[in-house]
Every structure is written in C-alpha cells, then in structure tokens.
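In this document, chain identifiers A, B, C, D and E correspond to the written order of the chains, with residue numbering beginning at 1 in each.
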Amino acid sequence: GCGAKKSDDHLARIKEAGKITIATEGVWAPFTYHDPDTDELVGFDVEVAAAIAEKLGVTPEFKEVAFDGGLTGVSTGTFDMMANGVDVTDERSETFDFTEAYAYDHAVVVTLASNTDIASFDDLKGHTTANSAGSTYEAMGIEYGAAVSNVDTLGETMTLVLNGTVDATINANTSAQDYFNTTGTTELKVAAVDPEVTKYAVPLAKGSDNDSLREAINQAIADLRAEGKLAEISNKYFGADITAE
Amino acid sequence: MALLEVKNLKKSFAKTEVLKGIDLKVNRGDVVSILGPSGSGKTTLLRCINFLEKPDGGKLSFDGEDYDLSGISKSDIAAIRKKTGFVFQGYNLFANKNVLENVTLGLTSARKIPKNEADEKALEVLKKVGMDGYTDYYPSQLSGGQQQRVAIARALATDPSIIYFDEPTSALDPQLTSEVLEVMRELADEGMTMIVVTHEMGFAKEVSSHVVFMADGNVVEEGSSADFFDNPKEVRTREFLRLTEH
Amino acid sequence: MALLEVKNLKKSFAKTEVLKGIDLKVNRGDVVSILGPSGSGKTTLLRCINFLEKPDGGKLSFDGEDYDLSGISKSDIAAIRKKTGFVFQGYNLFANKNVLENVTLGLTSARKIPKNEADEKALEVLKKVGMDGYTDYYPSQLSGGQQQRVAIARALATDPSIIYFDEPTSALDPQLTSEVLEVMRELADEGMTMIVVTHEMGFAKEVSSHVVFMADGNVVEEGSSADFFDNPKEVRTREFLRLTEH
Amino acid sequence: MFNAQTLELLISSFPKILVYGLKVSVPLALIAFVLSTVIAVFVAMVQYAGVPVVRQICRFYIWIIRGTPLLVQLMVAFYGLPLFGINANPFLVAVIVFSICEGAYSAETMRAAMEAVPAGQLEAGYCVGMSYMQIMWHIILPQAFRTAFPSLFNALISMVKDTSLASSITVVEMFTRTKQIAGQSYNYFPLYIEVAAIYLLFCTVLTFVQKKGERRLGNYGVRK
Amino acid sequence: MFNAQTLELLISSFPKILVYGLKVSVPLALIAFVLSTVIAVFVAMVQYAGVPVVRQICRFYIWIIRGTPLLVQLMVAFYGLPLFGINANPFLVAVIVFSICEGAYSAETMRAAMEAVPAGQLEAGYCVGMSYMQIMWHIILPQAFRTAFPSLFNALISMVKDTSLASSITVVEMFTRTKQIAGQSYNYFPLYIEVAAIYLLFCTVLTFVQKKGERRLGNYGVRK
C-alpha cells in the first residue's frame, strides 16, 4: 500500500503482494498467444512463467503488452518480469540481468519449397530477407550479407516469402515449425539450420535488488527441469523438448 | 437601334417571384438609373442580364444579336460578358492581387493581351479614376472609395460597350461617395453607356438620361430623368421620392 | 452640473496623435451631434470615453465623480459602463443569441436581474423600437435597420444615463435610415441624453441640441445646433458643410 | 487466403473484435475527446487573453506535445510514473495522455476559432456591462465552438484509430485484440480488413453524430 | 537504466537515427505532403464545382480513407498488390499510401478554405471575362491555399511522426531504426526519448519553415 515503507528486496515485495506481474505479448504463437477455442492466454512461455510463479508461491498476473513496452516496464519496475521468448545476448545482458535459460532454440532459414539458391546461411549473401526490427534474426541477416526488410509479425514475414517479395526469412525453428503446422503450408521449407544455440531466459531489471529474485527463479527453473515439467510443457506446444541444451 | 434590350425578363427564387417580366431598353450613350425600394429586384435584374443569376425566361438583344435568356449557351454568355463591365456594391476586388493586377487580369488572362500592353492600358484607366499612384497596393490597404475607383478602372480596362453599376456608393461615407460619383459623372460625359442602380437622387437627377423605378419585381414608372423627378405619375413613385428626402 | 465632462483627452496610436486634447461637456437631456471628416477622431473619442480604447491622458467627470482617464481602475470602468449604452456603426449584435437574449443578456448576466423581469424590460424596449414582433429571430435573419433598432433596444434596456451612437445609420440604405432616425428622434423627445457621431446633417440640424465639429483630432467649432448650421464661424466648418451637400 | 475457413474465422472473430471496440477504443477516444476539449478551451483562452507567464507555458506545452510521438508520450507517462512511486491504471494513463496530446492540437483549432469571432462581439459585451469571463462564456466560446466543431470531430475520428497505440502500455483495444486473434492462425490480412471495416463503421456513426451535432448547435439563423 | 553505458549508447546511436530521419522519414513525409496537396486540391475543386458523378466518387474516397486505419491501408496496398502480380518498391508504396491518406484529410481542409473565399471573387472573375479554370487558378486557389496553409502544415508535422507506420511494409525509417538499435541491447526507453527529441527537432524546423512560408505567401496587405 501507499505510504508503507517498501522492502528493498524485489522478491520480498513480490511475496508480500502475493503476486508477480509478468509482461507478455499474447500475439506470438506458440510462445504466448490466445487459445483459438477458449480465447485464454496460453503458450509455452505463459505456462513456464505460471509454473515459476507457483514455485515462488505467488499468483501470476499476466500483462499483455507490446514487446518494447514490456521490456521498458521490466526495467522501470512496472512489471516484475517478462516471459516472451526473450533471447539472451552479451549486449542485452548489459541492460538486463537474465536468469538461466529455460529453453533453447536454433535459428533457421525459411524459403519457398521450390527455392534452390539457398541451402546455408552463407547463401543469404545478396538475397533479401524480412524480419522484425530489432530482432536477433534481423541482426543475423545483416551479418550474413542479406538485404533485410522489416515487418512486424511472423505472419507478415511468411507472407512476404510466399509472395516472393523477399527470398527468405530467418526465424526461430520453433516458430517456423509452428507456422507450418498451423497453416499446413507445403510451399515453404526450412533451408538451413544454424548450429549456434539461442537461449530463452527471463529478463529482470539490473540491480542488487533483484539478486534474490533471480536466484529464486533460477532455482524454480532447475526444479521444473528436474521434475520434467519443462519438458512436459515443451512437448505440449512444440511436439518436442526444447528445454534441454 | 438599342445596344441592349430586355423583354419580359422573369426570375424566381424558390417560391418567390422576384422579377415579374421586366422590359428595359438602353441605347448607346444612355445613362440609365434604376431606383426602387429595398427588395424590389434591382440587383437581381443586373445580375440576370450579366448571367450571375440564371433567368427563368425572357429575351435579350445585345449589340445586334438576339438571345433567349433561359436557354442561352455558355459561349454566348462568355461573349456577352467580354463586352460588359460590372461594378459591385461591395467592390469585389481580387484580394490576392494588387491594384495593377486587378485591372490587368481581365486582359492578360481572359483576353490573352501581352503583359506590357495590358499594363499600359491599366495605367491609362487607373489615371482616369485617379488611382495611378497606387498600382502596388493591395485592396485591403485602400479605403472604400479607393477600392470602388479601382473596381471602376477594372471594368473600364476591357473597353466594354456598357457598364453595370450596383449601388456603387452605398457602402461609402459622404466624402468618398463624392469621389466615386465624380468619376462616374466624367464617364457619362465621355459617352459611356451605363446602367446604375443607385439611391443617390442627386446623381440620378443630374447625370442620368433615363430613370427606371422598380417595385415588387415590376417596372412601375420610367422616363427621362427630368420628367421622372419633376413630374412623377404614379402614386408609388411619389411616395418613394418623398420618403428618400428625409 | 454636467452629466459628463471630458477635459484634455489625448490618444495616440503608435506615432500618430489621433486626439490632441478634446474638451467636451454634456448636460442631462442634451443631444450632442459630433460631425467631422473621416479620420478626424470621432470614433476614437467615443471609444475612449467608454474605455474601448485606453486614453493616454485627460480627466473625466461622470455623474458627479471625477476620474483620471489614463489611470482609471477596472472597477471604475465597470461602474461607468453600467450607466452608459453604446450603439455601434456595425450593430455588433451577439451573433449566437436571438433578439430577446441580445437585449436581456446585459440584465441577467451583468446585473443579475431575474429572467422574467429581464424579459419584461426587454419587451418594453423592443416595443419602443418596433421590434417586439421579432424576439426569436437571430441577428443574421434581420435587415440592417432592424439590427440597428435591436442594438438601440439593447442599449436602452439597462436604463443608461447616456447613450453613445457611432454613425448608427451609415451602413443603412435611405429607408432603413429613416426608421432608425425616427427611433432616435423619439428618444431625444423623451429626454434621453445622447452623443451621436453622424453624417446625417438633417438629424444633426433638427434633433440635436448641440453640435461639435472635429477635424484632425481637435474640436474646431461647437455650439447650439441652430448657430452651427446657420452661422458657422470657422473656414473648415464651412468647407465641410459645403462638401456634404453634394 | 480467402477460403471457407477464413470466412468462418471472420464471422467468429467479428463480435470479439467489436466488443473491444465498444468496450475500449470508443470509450477511450470519447472520454479523451471530452477532456482534450476542456484542455483546449483553457489553453486557447489563456492565449486569446494573452495572460503573461501562463501563455508562455501553454506555447511550450503545444510545442512539446505536437513535436513528439504519441507512443513515446504514452510510454514516458506509463513507465515513467512508477519511478515517482505512482502506479496508475493503464487505461487511466491512456485517457490522460490522449487527452493531453489531443488537447495541444485542439487548442490551436480553438484559438483560431476564437480569433475568428469579430472583436465587436467582445466590445459589445463590455458595453452592456458584462465581465470578461461572462463575455467568454456567453458569447465568444459558443461562437468559436461552433466554428471549431467540425475540426474537433475530425480529430475524434482520428483518435478512435490512434487508440491502437495504447497496446504499448498494456491496454488491449480493438486493434491489439485483432492481432491476438490473427496470431492464432497467422491469418493477419483478412482480419486486418475486418477490423478496418469495424473502424469504418464507428467513423460512419461518428460522422453522422457530427452532422446532427452541427445542426443541434445551430448556425444561428445563417442560411447556408 | 540511465548510466554511463546508456549515455554512450545514446551518443553512438544519435547519428544513426538522425540519418534515417533525414534519409527516410522527412523525405517520405515531404514527398507525400506535396502529392497529397495535389490530390487535395483536385478533390476539393471537384466538390467546390459540384461535378456530378466525380463528386460522389470523391466523397466515397474521403469516407473510406478517413474511416480506416493508415496501417491497414498500407498493408492492403503492400500485401495486396502482389496478388495482382505487382511487386512495388515498399518506399514507393508508402509514398503513395501516405499521399492518398493525407489527401483525404487535406481535401476537407482545402474545401472549407475554398468555401471561405467570398462568392464575389468568383463573380468578379466572370465579369471581367475569365473562365472558371482561370478564376480558380488566379483567384480562388491562391486565396484558399493561404487560408489552408497552417492546417496543411500541421498535417505535415503529424505525418513526419506517422511515417513510423511504414515499418509494417518493410520501410525502415527513423522510428524502426531506433527499434533496431534498441533491439540489440533491449534498452528501449532512453532511445525512445532520444528519437522523440529528434522528432521535436524536425518539427521545430518545420514550424519555423511554416512561419517563413506564411510570410512568403503574403497576407495581401492585411494588417494582423
């Protein structure tokens, strides 16, 4: 409540409130989206975050928000954490303190099934790709010498490939597979897989205030992994276990 | 032969008949004053013979050609307008053009006269109305009397066969009124054909050759200026003349 | 004792001195006409004594109180305005209010008079100017003469000690002018104190008790109405009277 | 892309999207419209009257607000406030930010409309003994409002669509709701057309209300 | 969040963002502004003159365009065109869609401005023998443009910010560029403030140009 002196420890405050606020987009299947039948917020990240909250002994309170807003809110303390398939890089680790990874993924190149020009990431040089601005995949495209266009959502990127507007898109293997499954398309294929691993983790605001919370979440992830819970959730959404390295 | 002759001109707005069959004849060199109470249709008459309003019926003969007023073609309208000038009660100078451009625009744009010729002509007519010192003023920088004199110059510049004036002095104070009436008096002396809607009895009496008195959309009385003022025949005319002499 | 006395009123706009030290005295029941050429400062004088312009200097005594014109307080201005009425050349009726509201607003809003009393008073003054049949008309639906009569009613409604008129008929045609002058004549007959800036020589001659002739920011000549017109002393006055008789 | 399945999706999603329009987008825009108009009237009056210091503050407000993106304003308000210990409801923040933003634009509209009222109206008010505020209230503002009304309503119509920016501060409105539904099937295009049609519906209704309102406000007997 | 590292980020990103403003956002807005004004003049003239069928088409255009979100218009154009075998350059599509969208709003502004030119100006033009188009060109449009200029410029200032919507059709402009940079470190907030400051800079310049332009267009000797 207002006026009462707040604890200096984030975890203590969360426990005191009995709830943890979790930012998530809600528009990105199968990580965070609305179930077509029940309309409820579901997804891999949503269930993992709920399981973490349970381990912390508090109720999860999801806040659906655009990606930029979610991260900003974590850094300013509006949200306690974000669960949105946020992938870790060194540079981002300077802005946020990340927990241990709860899932692993690989970047893949998606092209038209009929495409024969692109069989590896190196083949991207001189071709056009599309990705959302600021994503890891956009950076990869630039790195491999592709001309990158920007759009907002996975659906739009795939549309561009299908239209022939761009030659390829780089995305998470998980997302690409989900797109293939959901839409049933046979016109697209995975043309190349990046051996490098992408780590999904929970970003927390910088500062010693968060040390105990990070510890607790790390512990929760370890426990959930040991219990097989993470694998269970992963199988439910991806038909595969992506939670082990 | 008359320069302009109107026969049985009719005009209604919605349900009200504003002109109920006007006949009017103007010879070259005539100065015709149109008098009448407010709402009698004087402005509407002038606007109809220059097609700013569409007449409902009537015949017009102008400069030897005959036209059917209700069915006249766009090109005939354009042709007649090129031979007439119009001076509005509210001047209607082009707000975005200076004095010189106001006068030359009808020459350069409508008649494709080269700019230097048009400027020459404009200076000539501006001199006539005493406004040649104001070529680069905008209308908003001039007094009402000055604006009206420029409007007269604009009408003169195209060498019209006839000029229509709609209450050219009614928005002016007495001194400015004198200025403008003086210019019109000179035009009359030079033989310009004019139709003048006016409330200035002095002007109507001294300058005009004919007077037409309208009421309720009809011509009630007309005649030579001397006859009309010295010897009005109709009751309505006498009543009107008495009232305006307050 | 005079109802209103102005001493040495001065007013400049930017560099030009428009009023160069005006003295003016008005007794209860006087009707003072102010004449003068365009630009002589007549309007500015009226506007200064009702504080629509801020005077640069001078003394005012009004209804027994003395004020310093250049340093007068807001509350004094408000107090004086509640005892005066102003009729503008351009009427300035409230465009968003109908005739009745135009007249009552000064009562209900400025003087907190109950609505029914205000309506009663408004109908009384509207009747006086012959406009009681138009209570729910908007200004834009009235002719110029009708608007000016409503403006007079609006000024009358607050029972002012004096009414200022600034060329109340100059925007009107001769017939509408007669209507308005008639109303003013009646007011004069009833003993209303008035200052009237006008170009209507007939009105100045017949109705007013005093005439003030201004030129270039000075009072050139003043006197009783009869003296002024029959026997003007100054050259400028005579010249002016000659010119306005075109 | 346009097959039976898509049609079914469009039909089933229509009420879901519509309800977020009626529940979030339209109320947000309407409340912000009313508040922004209040702000606009105040700011316009301060400038019209030339109140010394406050006038400069109002100019500064207009400069800053018109010069920066609404999205950033929303984020500064929502994520900046907690830094000062204020944890406001996101819908409330959205309402306030939209009001403040639209207020700056509308203030300029209102000011122009007030300046278009002839000076004689103010003077006539003084001459019948009314105070400045009485004249504003009874004479100047009603006339200015009549002039500004169509522009203000135009702004309202724009605002209904701009509410989608509120998704950056956790307000799920009609457009974000559409994205949620589209995210299930990756079938964005048809759903975007559908939401555009719903916006069009709202705007048509608002345009109709505007026409009625213009007539209601009256044109004071002026023939058009 | 605001530490030495953030400061360094802000400094290093400033030129990167600015260059996309100068290279994309501002040119896009300026070109679209010019084209939209041409459209607006045409559409306004058609309505002013009351050209029968074309007038209805113009009303329909205004209704559709003002009623639907710009984002959807962009996407329909960009993703819809390939369905007809047209693969247009995204910047070109953005220019066209922004022009068409802004054209609808500006057309209403221009129409109101034309209707505000006194009818006597048209009549006086006829009376000196000018044709309808000559009167439009020399008299009505110049005066209307002078009146509409501040509103049109307001729209331009808004458009500079709205260019960010072009990101949905692969055009990287200033705001998307900011997102790209922020995406590397996820340090959104400070960078958003920075981009807002750059927008403010542009808008300040545009406001200045507007003032100059208003003076240049002249007010025909009217004292203000």
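What we mean here is this: a residue touches a chain if its C-beta (ideal position, glycine included) is under 8 Å from a C-beta of that chain, and two chains touch if they have at least 3 such contacts.
Everything quoted here is computed from the prediction, not taken from an experiment.
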item	value
Mutual neighbours - chains that touch chain A and chain D alike	E
Furthest chain, CA centroid comparison against chain B	A
Chain B-chain C separation of Cα centroids, rounded to whole Å	35
Inter-chain centre distance, chain A versus chain C - centres from mean C-alpha coordinates, in Å	80
Centre-to-centre distance between chain E and chain B (centres being mean Cα positions), rounded to whole Å	46
Distance between chain centroids, defined by C-alpha means - chain C, chain D (Å)	46
Touching two or more other chains - residue numbers and ranges from chain E	75, 79, 189, 192
Residues of chain C touching at least two other chains	none
Shared-contact residues (touching 2 or more other chains) in chain A	68, 72, 75-76, 156, 159
Which chain pairs touch, all of them	A-D, A-E, B-C, B-E, C-D, D-E
Parts of chain A lying in touch with chain E, wherever the complex brings them together	68, 71-72, 75-76, 86, 89, 91-92, 94-96, 130, 133-136, 138-139, 149-152, 156, 159-160, 163-166, 203, 205-206
Chain B partner contacts - residues on chain E that touch it in the complex	118, 120-121, 123-131, 134, 138-139, 142-143, 146, 218, 220-223
In the complex with chain B, residue positions of chain C that touch it	37-38, 143, 170-171, 173-178, 181, 199, 202, 243-244, 246
Of chain B, residues touching chain E in the complex	50-52, 78, 81-82, 84-86, 88, 90, 92-97, 105-106, 109-111, 137-141, 154-155, 158
Residues of chain D that touch chain A when the two form their complex	16, 75, 78-80, 82-83, 87, 167-170, 172, 176, 179-189
